[in-house]
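Have a look at the structure that comes next, please.
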């Protein structure tokens, strides 16, 4: 099997997911940059697109053969090409996810929850953001919780990722009324209110792409 | 007599004329600067206004008692405060005019023609501009010619200055279709065509102010 | 977007090539990963100083590489902190065996990327210590923000930290001096116009013809408040008022006054503002014993300025006066 | 008009006060009439070098006053040449008994005012010789114009002329060197945006978002032609193409390449353009042996650049390399 399916996902499936993520990020590059211009420095879309373009190039040069190795490739590529706050944070997330599923040749729903949780924990460990600080954590934490609930309820891979994606999107939208307390947007104080956090938004797009790929799998 | 009259003009009359010039220049400062912005560097109005403001201050501190001394005061003040091309050119004009009427206690129509001619010759000597080079010479030379004709025809002071002012104004307007060959506007080549020369315009305003004062004299 | 560029994605690379060609006597530019080192480095036995950050702040940081200045600088993409592999490579290239100081400006991205690089350098047995500057009084320093930004104060901080290393101080001593500068410098900035990041193509914010932004950062982030454009004297009073009050600076203090242009401000305005700043400080009895005026830490073509004040003691003054030979700052050599 | 100023009529005076306070070690600023002299001058027995022009071109000319640089600079109102009494006072203050060279940029106003000042100085028994620079290839040099303008080439011209005086050349020798620079330097400029003279309050011209002005002068005068904004490589080819063809510069020539910012251009763009210029010259076999990149002769906040090329021989190179200690240029001291 070379695609994610409903009960588990192998290395090729993870690659397909990452390719979809790259496409989504490219598609939303301008929007992410615009969001970052409102409350940051206007580079988030460009940073993420640069990173995932590099990831695609690496994958084209040779696809690793375990899910963990794919995630590690993504991690190291993002760390060395994205820069800014998002580079080390997403890099750490993928690195921790990779480590968390090190032995698995395919990822079942529980493994996906494990990977997501480890990724979120990595972001929190590096960035020290709490919920409602108006960061990507506000998309990641609802996503992790929803994924766990879906997996515990017996959901398949697609169901788990769908739950994660939906709640990430809600989490991203819910950053709008918040005042930023971490990252560049925090400099704005109350003026950060009324804008959606770019990092939370890219997290939501990323999970949406993974969910969509999983749903399309046979 | 403390004002210009119809047959001659004493020191006080020259002072009255210069004060009127200062007022006119101040009034047209923005317009002169705008003309200079089109084909120069946008400072002619400011330069002239700075100079004549300084002249007023000098006159307030004490009015010289011969026409020549008044003209010399104007010359040295313009030279030391205007800068740019206009400063030395107008300065030289007033200096040569002053020298040309050195002995006179009042200026009759022929003396006025002598002063105007000397002033124009001074500008040409310093700036080397020929007619139709699109400079103040294009206002000065018609003014000198008209003044001479008026004086030769027996015109009084007011008539001489009126003739000079009218032809200076026509000369200034006639610079519009010309291509500049001297001064900053010459850098523009053919793009200087279609704009009125700022220096010719200030010359026309200057003579208009003198004529108006002479006409109002009893 | 009006810029003298060929392609928004290659601006930094092409500019780095220009730097390499224009300053071959002072610096060596490395590519993939990108970093800049002293042409005569590494200096064995000297503590090496490495800094960096997003591009677009030129001459920061490559313009300060050279004898008496930085040993290496790491340019990120425009307004984006550099990546750990760049920082690691620069750290390795600069290391002269006496340890390396990372001078990090306080932005989440810079902190995270330099942290990762330091861990990696540690694994290579390079002794790295980081010092972080956060001199921007426009930002509230509290647990509820990412902390104050590192802004204009970075220039005297670079100069003095590097001079300590150049005179032979060991790693701990250099770090101590560096932290003393951080403790004694404060800055606040303002902008008349925004700037446009090349790949974005849109201004970072918009300001009406009669508006200015007070408390601006150096990345085109909007500032603390938007107000009507006022006179130079009032702007200076707003910026310096916050700066003086914060440390606080007091009557009789000796200081370095630094009026920094944001890239698009003509120096006639900077000197005019400097004059206003001197009057402001003179009224308060604060002595200005050293000065710097110019575009030293910029935000692309942004028009505006920041004012920094550094409390000087004899040692900091001596280190400020010490020789430096770099593209952007040169004296005594 | 967005500027950090108090009053359009006092901009130059206030900025001069700032210069005096910021650079008291290098220069003395005199008022009424306004001029700037070396703090350690006049230097007895040395040929004195005096230059000046309108303000708004900072660091020209006051930023080049100091040891190895000018003995005096005379700032006019913004974009307006100084008056003869200013120039005379500066000439008298700079004179060290070995004669004075007036370095005059070719503009009608500057020529006329410096001419008058030289006559007045002559009457005071000061031996003054004027050298005029007219390096701007954008202007047709013919009897039908005021001649070419003096633009960016003035910077290497200042440096080299002043170095000749500093090494002890007599008046004739200094003048000869100075004229050799004029004969060997050519420049052309362009602008992306206009600038606004403070007292005028209006931009000197307007350019659409996709337009640039080629052959611009340094006073906000419109240029030779208005074209669509193109790439840095194409802009450089247009400017340098005209420059190289004019002298002409030839394969094997050693040159100084100077990329000058108009005041509002960030240095990342200047270095990018410098890189493009190096490629352009390399293709033609023209060697670049010395370089200068930065905002050295500006037009207020105008965005744009000029490119100058100076053909170097050994002596000019040595004089370029000689020490100078001024606010805007410093090396070897």
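Residue numbering begins at 1 within each chain, and the chains themselves are lettered A, B, C and D in the order written.
The rule is short, and it goes like this: a residue touches a chain if its C-beta (ideal position, glycine included) is under 8 Å from a C-beta of that chain, and two chains touch if they have at least 3 such contacts.
Just so we're clear, the structure is a prediction, and the values are computed from it rather than from any experiment.
Listing every chain that touches chain A and chain D alike gives C.
Between chain C and chain D the centroid-to-centroid distance comes to 29 Å (mean Cα coordinates, whole Å).
Measuring from the averaged C-alpha position of chain B to that of chain D gives a distance of 33 Å. If you average the Cα atoms of chain A and of chain B, the two centres end up 76 Å apart.
Chain B and chain C have Cα centroids separated by 55 Å. The multi-chain contact residues of chain D, meaning those touching 2 or more other chains, do not exist; every residue touches at most one other chain. If touching chains are joined by edges, the resulting network of the protein chains shown is an open path. Checking each pair of chains for touch leaves A-C, B-D, C-D.
Residues 33-34, 37, 39-43, 46-47, 50, 79-89, 126-127, 180-184, 186-189, 191 of chain B are the ones touching chain D in the complex.
Chain D contributes residues 2-7, 11-12, 14-19, 21-23, 55-56, 58-59, 63, 192-193, 209, 212, 229, 231-233, 235, 263-276, 278, 288, 291, 293, 295, 298, 300-301, 303-305, 330-333 to its touches with chain C in the complex. Per the touch definition, chain D reaches chain B in the complex via residues 33, 54, 76-86, 107-109, 112-113, 115-116, 138-140, 144-146, 149, 197, 199-200, 202, 204-205, 217, 219-222, 224.
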